[in-house]
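Before anything else, here's the structure in question.
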Amino acid sequence: MISVLVHRDGRTRRVESVDPAWLLPGAPERVWVDIELPDPAAKDLLKDVFQVHELSLEDALSEIHHPKIELFDKYLYLILHGITAGTGGKGVTTNDTDFFLGEQFLVTLHHAPSRSIRQEQDLCLRNDQALGEGPAGLLHRIVDAMVDHYRPEVDALEDRLERLEDVVFEEPRHNPVRDILALKRDVSALRRVTLPQRDAIGRLARREFSQIPDAVTYRFRDVYDHLVQLTDESLFFQDRVTGLLDAYLSSQSNRLNQVMKVLTVMSTIFMPLTVLTGLYGMNVVIPHLPGSAAVQFWWIVGMMATMSAAMLWVFRRMDWL
Amino acid sequence: MISVLVHRDGRTRRVESVDPAWLLPGAPERVWVDIELPDPAAKDLLKDVFQVHELSLEDALSEIHHPKIELFDKYLYLILHGITAGTGGKGVTTNDTDFFLGEQFLVTLHHAPSRSIRQEQDLCLRNDQALGEGPAGLLHRIVDAMVDHYRPEVDALEDRLERLEDVVFEEPRHNPVRDILALKRDVSALRRVTLPQRDAIGRLARREFSQIPDAVTYRFRDVYDHLVQLTDESLFFQDRVTGLLDAYLSSQSNRLNQVMKVLTVMSTIFMPLTVLTGLYGMNVVIPHLPGSAAVQFWWIVGMMATMSAAMLWVFRRMDWL
Amino acid sequence: MISVLVHRDGRTRRVESVDPAWLLPGAPERVWVDIELPDPAAKDLLKDVFQVHELSLEDALSEIHHPKIELFDKYLYLILHGITAGTGGKGVTTNDTDFFLGEQFLVTLHHAPSRSIRQEQDLCLRNDQALGEGPAGLLHRIVDAMVDHYRPEVDALEDRLERLEDVVFEEPRHNPVRDILALKRDVSALRRVTLPQRDAIGRLARREFSQIPDAVTYRFRDVYDHLVQLTDESLFFQDRVTGLLDAYLSSQSNRLNQVMKVLTVMSTIFMPLTVLTGLYGMNVVIPHLPGSAAVQFWWIVGMMATMSAAMLWVFRRMDWL
Amino acid sequence: MISVLVHRDGRTRRVESVDPAWLLPGAPERVWVDIELPDPAAKDLLKDVFQVHELSLEDALSEIHHPKIELFDKYLYLILHGITAGTGGKGVTTNDTDFFLGEQFLVTLHHAPSRSIRQEQDLCLRNDQALGEGPAGLLHRIVDAMVDHYRPEVDALEDRLERLEDVVFEEPRHNPVRDILALKRDVSALRRVTLPQRDAIGRLARREFSQIPDAVTYRFRDVYDHLVQLTDESLFFQDRVTGLLDAYLSSQSNRLNQVMKVLTVMSTIFMPLTVLTGLYGMNVVIPHLPGSAAVQFWWIVGMMATMSAAMLWVFRRMDWL
Amino acid sequence: MISVLVHRDGRTRRVESVDPAWLLPGAPERVWVDIELPDPAAKDLLKDVFQVHELSLEDALSEIHHPKIELFDKYLYLILHGITAGTGGKGVTTNDTDFFLGEQFLVTLHHAPSRSIRQEQDLCLRNDQALGEGPAGLLHRIVDAMVDHYRPEVDALEDRLERLEDVVFEEPRHNPVRDILALKRDVSALRRVTLPQRDAIGRLARREFSQIPDAVTYRFRDVYDHLVQLTDESLFFQDRVTGLLDAYLSSQSNRLNQVMKVLTVMSTIFMPLTVLTGLYGMNVVIPHLPGSAAVQFWWIVGMMATMSAAMLWVFRRMDWL
């Protein structure tokens, strides 16, 4: 699906096709072509009208997982990645968007619908100046929107992290290790996505490319700043997830200590009592305790109570109870 | 809230507004404008009088978490961060301060009251030479004060660390893992704040910018030195916190060993005794031990005592008691 | 075994031997010599006809485990590595392939049959243009095929990883640590193989060598991109394998807790009961419980049932059951 | 306390004060001023006579924890650190020494008595050539002595490490974790001290500064070599200390296994015996074993012995004993 | 012990002393002086005849643990290290060999007998061309032999590693942690030795030094390749050793689980039986089970068997047996 916006004579309109004259050096028009799900017509357009190099064409048509900035004679070729909410917190899925930035045109190409591009198209149609400002400014706004869309994903990760921390520290009834490891993977996936984006945007912010005027370069620094903060946060999350594992292991071992203390206290109290009842159950002449035959039983029960109390006192002294 | 200090004719006075003439090249005045909680008037002042670039203006008005040094035509734009004591040891919160350093002026902009800036204002009004010396020296003194305010935060972290070490090594009754992990996060937050500050200040100390005369550059080296030491300390803390976790885990496992030894010793002593009393409690003809019927019981008790003593001797030999 | 393909007059044919005239500067022929299991004849060919330097000849005849790119006067010498499926998932075995890339010729040399080279030979014989395009394009296609053959190996590793994850998280009856460590080794072996390949290919993609025209350089970027992704994946696998170990250890400790709880619950219930039966088994006058002699037994059993129920209720309250 | 040594006319003498004429360019004198515990007089001397920059003066008067090399117009300013034996193996304490190296003079400044400087003073007074050789050579000898004094500290750390290894591997009765962590901190403190010293000395060894003639540069390489070795050793110690923690944890877990085996063996043997005696103690008609009433008891004891022997045999087969 | 070989007029002979004329620029002789255990005579020879700088002389006479390459006016000074088999697998001991490489001479100096140098001497005497080729080629061959002698040491480490893996995975009766840590240290010692050798040789392979002709430079690349592989292997070993520790810890914890299951199963089966026998042993009127008095006993035994069987069935269901 090809959608063409052109800015001429101070107005931005949606048109059906690209007039090659608009791309001639010095032409006053500014063109934005957005291609969603490239079809052969789109391919021909890129090749014939925009004279895109065969190799960047190939890259654009396939899924590339690494951001790329390549300078060609007539355009700057960029691959950047947005992230979309995985259903059920299933981590981070990226969708690559290709940009061909010329002096007078911007071509965007993506395989799935893109919120950022949709927003920008609406803006361009509402505000004639948006496209009139030139393709670099347009690129900046799209990329800025893409990076803004990272925020909810990062927040979702933090939510999961906090929920897991509650589970580990407060009620670790079920084994949360699988969830912790899944979160860890998602966090490091996020970092692996944002880090190269950051570096790519950083290059755009360094006045390296003639297609991007200095004023726009400055603006890219802000996007860069956002990405720096995102990578920082994901690094911070990674520390927290790692700490979570340690915490869970230590809580496990704490719990085991607790269980073993109960067992030990019980055994230490009842095993001597068993021996005592065994003693008085032996089929031998048993020495009389003071008092009548009827109070013998209570003497023994008294001895047992005294022994138990003494044991409990010792355990309390040892800080076990 | 805008507060303007101007140094002219050898005296520093607080004035109501900035005269654009003071900013003309070669003007003898030295101006310091401090903006707390920027309002539209402050924004206009920056834009119209100081001709601040729109982008650094945007940065200045929003919260930026990374220090920044950007050279513009008319000024050097800096973002640096102070830290303030979190209530209840809740870690490190940063507050960014923006600096616009020109040849003849310094503009500081912050969103919360700043101790360092308050101190410096008082100094400037008391001592005419403080502002007369030029805006770079002023910048140095403010930054120096900001970095000095890191010290109590670092000391508070060390206090928490030492208290936790006492808990872990001496009386680990409650599980300190959550506290350890919280401290770990705070320590690494501190490092993440100080590290980029250090690098930013390091650039100021390298004679890179014409706005900062060599004499002031030298002084920034001292600030840099402070930050090097702070980052060093935070790294050292990180090692200690990590060691704390290991220590706690090992103390846990030590304790478990202790508990299990008690259980094993008790079981090993009392289980044979139970069998012995069981034997003499059987309803079969029981072989007579030497002596009269009345001493049989004491023979058995004697056997039990001997067995227990032997066991205890063995356990002592095995170093369990 | 030497196999020679020559492209002349627009046609590619398999010939018996190399005519040195084809290698003269400006000769229109394009030659591809493939040497499998080099014999003395092959050695002489390389030395005498292609004037290969003695040192790269030595390298080519021995097994080298590191990729290499060395520029000689007449050719570019490359060592790159393919990987072949280890039987039974026994990790990664590499086979080095040597390339001598001249302006007009390509010599490939390998010690074991190579799928990638076989494929390319078939293609060259089917499609005259394949060799006619020049030796650099040929090199690219062979290397591309070699890198494509990494994919199934990586997938096999992922399969093993997933199977182990199932074992650890769902039914860890046997100790999977040996398998986990073996997988870890294989994954890091993969990374150690792919990483230097990536760097070597990266150099080919940087217009560094005159033997490789710019158009082919672009194509090498795609191969580089593939390898970047492979190394990324292997890094990701490494994280997952490490997580697996942690998960197994925590599941172990979980299980131990479970076992100890059962033991403690059983002991806590039955040890008091034993003491109770012991009490009533003593050879002393036992106090009468209410009711006739016949119901005494049931009174005691009732007491035991009550005690057990109370204990179970306590344990349920403590969340142990 | 200021001590001045001057070399003139081929002789080195101790004098009371510095004659500014000695510092004029081309003057034949060589001067060494050592300042211990700087007082106002020393400060004036540095400022007025040696024209030390205010900033390096400030640095010199305060305690700086990082080595520094700063080139000023008239001198090279150095901060290097010696280490002194902490009492009771309490780790590493550094004392900073400041050096001002000019063409004709060396000023050393320190806050505590320094063995290295005392030695060198004695040498200079004994051997006229020592100071006559020039201040750079003097600097080299002092620094060399300072680095030599690291050796006993490193040896003391190794001693502690070896004693701890004995404790962990041979008789870990008390919990050595606190000692291990303390040693770990000391070792990493040592590394943190030596590493920057090494880098600073490395710069002195690189012919970077005109104040240091090439011949002396060569000699600094030896000092550098020493420091390389020291940092290597401290890295090696760090590995060993880390291994120690692992070893202690594994020995803990080993011991626990041992304890639990004893408990399990005892329980497995005695619990069935208890049931057996219980059976024959029941108040029901008990089936006769072969033989007379008198041998019944021995039949039962024989059964018990057989059962115990069988159990022990099983446990031995399972490698538990 | 000084041994001098000289190549003149196409022949290599062993001579008694060095003729300084051989070292004059343009002299046709090629000289190799090997010094084992340097004595004063050797020192004088180096100083007077070869004009070795005092500092490299000092280095040569002492033990240096870091490889070094230093370019002097008349020669290239190298320190490289061989490794020798420690008796009883006691790790890696290095012996440093010093090389003074001039245009026409090579001086080797070592403190212990060297296999590599002995071999090369024999070769030189057998083959006149060996020395005639020049000192750089000679240096290459000696270094190549030194590096070849690393191989058996690496193989010995791998053997120890494999034996330990067998112990850990198959029959970990004794605690292998001490051996594992010792191996770990040896492996990392190996890496610490090989890594700087690799880097030093890498510099020799980079055409950096005029004393080494290009042809020899190429050959050093092969040595470099060997060392790259050795360091790779030692890195790989390090991974395996670390894995071994993890494996041992997990096997420990596995074993503990096993032991605890046995205990729990035994207790769970026998404790209820004890209570049952206790019940029927009480001195109260015991309710009659169906049948005659003589079968009461068997009824009870039957109940016990049923209970035990039920328990066992439950445990099997829980996968504990």
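Order of writing sets the labels: A, B, C, D and E. Residues in every chain begin at 1.
Convention: a contact is a pair of C-beta atoms (placed from the backbone, for glycine too) under 8 Å apart; a residue touches a chain by one contact, two chains touch by 3 or more.
This structure is a prediction, so every number in the text was calculated from the model and none was measured.
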Partner chains that subunit C and subunit D have in common: E
Centroid spacing, where centroids are CA-atom means, of subunit A and subunit B in whole angstrom: 26
Interchain centroid distance [CA atoms averaged], subunit B/subunit E, Å: 41
In subunit A, residues with contacts to at least two other chains: 249, 253, 256, 260, 263, 267, 271, 274, 278, 281-283, 286
Round-the-ring chain order [start: subunit A; next: subunit C]: A, C, E, D, B
For the subunit D and subunit B complex, residues of the former touching the latter: 53, 55, 58-59, 64-66, 68, 70, 173, 175, 177-178, 181, 184-185, 188-189, 192, 245, 248-249, 252-253, 255-256, 259-260, 262-263, 266-267, 270-271, 273-274, 276-278, 280-283, 286, 293-294, 296-298, 300-301, 304
Residues of subunit E that touch subunit C when the two form their complex: 169, 218-219, 221-222, 225, 228-229, 232, 236, 239-240, 243, 246-247, 249-251, 253-254, 256-257, 260-261, 263-264, 267-268, 271-272, 274-275, 278-279, 281-287, 319-320
